[in-house]
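By written order: A, B, C and D. Residues from 1 in each chain.
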Amino acid sequence: MIIRNKEMAKIIKNNKVKDGIFLMSIEDNGIAKSASPGQFVHIRVSDTYYPLLRRPLSIHNTEGPVFEILYKVIGIGTKILSEKKEGEKLDAIGPLGKGFNSQLAISNSQLAIIIGGGMGVAPLYFLAKVINSKLKTQNSKLKILLGAKNKDQLIYEKFEEFGNVSLTTEDGSIEYKGLVTDLLLSTLNSQLSTLFACGPIGMLRIVKAFAIKHKIPCEMSLEENMCCGIGACLSCAVKVRTQKSEVRSQISYKYVCKDGPVFKAEEIEI
Amino acid sequence: MIIRNKEMAKIIKNNKVKDGIFLMSIEDNGIAKSASPGQFVHIRVSDTYYPLLRRPLSIHNTEGPVFEILYKVIGIGTKILSEKKEGEKLDAIGPLGKGFNSQLAISNSQLAIIIGGGMGVAPLYFLAKVINSKLKTQNSKLKILLGAKNKDQLIYEKFEEFGNVSLTTEDGSIEYKGLVTDLLLSTLNSQLSTLFACGPIGMLRIVKAFAIKHKIPCEMSLEENMCCGIGACLSCAVKVRTQKSEVRSQISYKYVCKDGPVFKAEEIEI
Amino acid sequence: MSLSVSIGSLTLKNPVILASGTCSPDLQKFTDLSKLGAVVTKSVTLNPRTGNPPPRTVETPCGMLNSIGLENPGVEKFKKEVLPDYIKYADKVICSVSGELLYEYAEVVKRLNDTDISAFEINVSCPNVERGGIEFGKDEKMVHQITKSIKSATKKPIIIKLSPNVSDIENIAKAAESGGADGISLINTLYGMAIDINTKKPKLGNITGGLSGPCIKPIALYYVYKVAKVVKMPVIGIGGIMNTEDAIEFFIAGAAAIEIGTANFVNPNTGIEIVKGLAKYNNEP
Amino acid sequence: MSLSVSIGSLTLKNPVILASGTCSPDLQKFTDLSKLGAVVTKSVTLNPRTGNPPPRTVETPCGMLNSIGLENPGVEKFKKEVLPDYIKYADKVICSVSGELLYEYAEVVKRLNDTDISAFEINVSCPNVERGGIEFGKDEKMVHQITKSIKSATKKPIIIKLSPNVSDIENIAKAAESGGADGISLINTLYGMAIDINTKKPKLGNITGGLSGPCIKPIALYYVYKVAKVVKMPVIGIGGIMNTEDAIEFFIAGAAAIEIGTANFVNPNTGIEIVKGLAKYNNEP
């Protein structure tokens, strides 16, 4: 576990890439070197008390000692983040949480499907990159499905290096018109598939139902309001159902920051 | 009264002039044109809620549509102010309060003495400029006494254009060693004098006692914690003693933002 | 859609009111008080009060403490010298009334019956005075009794302003209602304190004060939500309202109207901006 | 000068404690818990509690609301699976105890008597549970009774943790003292709420929650000041402490020790930084 002290990471770049969406490159060898896809960093955007809490943001990519975050301006925290300049220091803790099990893509399937909706694409680039490099030596394939409201919100360009990318927009402004989950059935050409998903809760519910119906191993990254980011406050609870026997199941909670953000689709109640 | 709407004033310059002391030039025709010496502006330094309240700062000078503030970094508010850049907009209300009666310098005396300690010099440049221009056509004189802890804290350079400036520092790093009030007695060469003072409360107490002893008309600018800056909240109270008869006096409060910041020395209890 | 709202026999053209102690007629220079639903006066007492020694306010994280101490010229001088300006500028004037002894509340109200004041807000919740103020507001029997005594002293609507510094605000609100209150307003400030670590002394001249501003919004919202569930009369929400979004939170929580306090110091035009914001919000589909 | 401080028979090497519910052994990865005076565990109840539905926390101006709902595995599982890690990392472990029924408090304490826990902090002030919690803490007789029953169940020092959501905290503190408490800690969170104006629903799954963070510091300081005046036992100050300066304010107000809550989420190393800061402050002339 890497412990970041205050203001040790350095901002290398912070550019707008789409309407309200920014890409920040941050130099921090400790975080960049130990990160794996699906993990996140917990960022203090201001040294005043407003906003007070850190903001969780997925690791979008790493390149040597540098890692990237891809984020959308939602409220005050991401607004302040978007105004930071090259050269400024950043107080980031990470990498945190349990990421995707990219090994699944190889050991379990002939087809790895990555599906992302909206800002859900953020952790998926890093995942695609890792899976892609592993698959090269395998007989399996990678298929990427990305969707957003419209063209201006769809982050897909960088994914095209992996080939096999399908795009959807709700307004049809690029490729298919509709929801990204609409593509799932036609993509699924083999029972030996694995699904990796990140996106809005509505999308994840569809993906989960699909995976269970088709009995496909599926991992998905969840979001929940966080405080500590390290398992101390019990804030980021998600319901899990443990099957105690055929007829009895039990509800309890797991934590996005510590047990997740990536969970197996079948274990979570969403 | 000029009403400033949000973010209408424009920062022209914001430079460090001494250790921790900044000079900001702000373009705002309304404020600059109607300001008189001793008045202040009430500035919102951040559009978040931390810090929440406006900060009162004296008008240091005006030049056409531009006014200046001279301020020391004390806490979070002035810190944020000092980081603002040329071209940014500023939410300033003003000019507020009742300033110095510079007319006193002419109608009442042969010698106008301006005495400032520490950041108390801030409103005095504007005052000196106005008095100086009036005195040119008169037979009276202007004498300026300025003091600070040390050379690095003493703002005096611009005052020298008026001639007749004496300086003190507590550590003797420039001119006289001691308190600026030490110079009062030797400066006073005529009973027909008027005193204008601004500075720390300890200094003002000495000035007040001096003025009363020598029966000199004296005006002084006070500070008190403010919220509204316009007489609505009753926050910035200063004690005044009203002489009801030879033997009976009565305590009540006046308000720095509305009745002041400039008061007659004899009316206030400090 | 009209923004108008009624509290007893009083109808306000919109639900945006400026809170007691945070707006004086001086505000007219920076905003247009006549465009607001109403303005509440600084609390008035029977006899003049000099108020507490300075410093009287201090900033805190996302808020502020005040210990003004109900400074006011007393009801007679208020009537002659202060009230006329409020009446001149504001569409409706609600007069805030406080007292050190129980009978004083009704007495102040009686002396103001012949004025153009539209309603009374009874401040039984000031944390900054030694006698009276909040002590009355902590006890449901006392609140009931004060409300009844004032109700019998005036035909104008009366609003009881409650303190959050209590164990059981719901029963206190119900006691006001059964005593004849036409409306309830909440919250007044919370007890607070700040210390200067250099001098090792309290930052306020009065040692302790009342906390207001955005920091108390979640607390205010909670109490409004709780009280609105148990009373039938209109609830006026107060506490940390800085903009239209904050105001809407209070309406969803059950408030019929809102009062703006500390925000007036930050932006004296807040009230009008919220009136405009609400009009826009109401017209959206 | 030593920073050590005693609460009953317990001596802490410094007066900096991490507050219940805001630090778990997980924090050890980001700071060194053994350098702190003590760590208070998440509140433990007799039976397991699943806690409240998410969202469980929401940010507010200079603060946050939480409605965790005392989620914990129950005393037996706590003892076996959670406590050992606390004991391993922290110099002293104070165990926070809560209950739905009165007898549960003493029962939990009894079952933990044979552990290396150094003291108990009795949480009669949680605003996030339907039964028990704060309801016990609002009534001085109840606080007296709970304190007595726990005192007779253990030889370890007991600290009663009070709520600010009451009319008369001084008498409640005195009731704890006369019941045999060794120390008093305050404040727990304040009732609060936040509403999402888009969905028109409360932002917390549990509707209401408890407010903590810098925004409540002035309130906490007030109550510490008031309580420290009326009790002889040590007072532990809690509420919005973010740095050494904040901590010093509480010591000047009368606290013997302090607890750090929300700040742990912002900077998990806050505790150690304050220990260092206090050492420096104490050595200055």
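Definition applied: contacts are C-beta pairs under 8 Å (C-beta built on N, C-alpha and C of every residue); 3 or more make two chains touch, one makes a residue touch a chain.
Treat the numbers as computed from the prediction; the structure is a model and nothing was measured.
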Where subunit B and subunit C overlap in contact partners, by chain label: A, D
Shared chain contacts [subunit A and subunit B, defined touch]: C, D
Maximum centroid distance from subunit B, chain identifier (CA atoms): A
Distance from the mean Cα position of subunit D to that of subunit B, given in whole angstrom: 48
Intercentroid distance (Cα basis), subunit D paired with subunit A, Å: 35
Separation of subunit C from subunit D, taking each centre as the mean of its C-alpha atoms, in whole Å: 33
Multi-chain contact residues (two or more partners), subunit B: 49-50
Sites on subunit D at which at least two other chains make contact: 61-63, 213-215
Arrangement of touching chains [line / ring / star / complete / other]: complete
Subunit C - residues contacting subunit D, complex: 60-63, 65, 138, 165-168, 190-195, 197, 200, 208, 211, 213-219, 221-223, 225, 240, 245, 248-249, 252-253
Subunit D - residues contacting subunit A, complex: 21-24, 26-27, 29-30, 42, 50-51, 53-59, 61-64, 66, 68, 71, 213-215, 242, 262, 264-269
Complex interface listing, subunit C residues touching subunit A: 61-62
Residues on subunit A engaged by subunit B in the complex (per definition of touch): 48-50, 76
Residue numbers on subunit A that touch subunit D, as the complex places them: 1, 3, 5-6, 44, 49-54, 93, 224-239, 251-253, 258
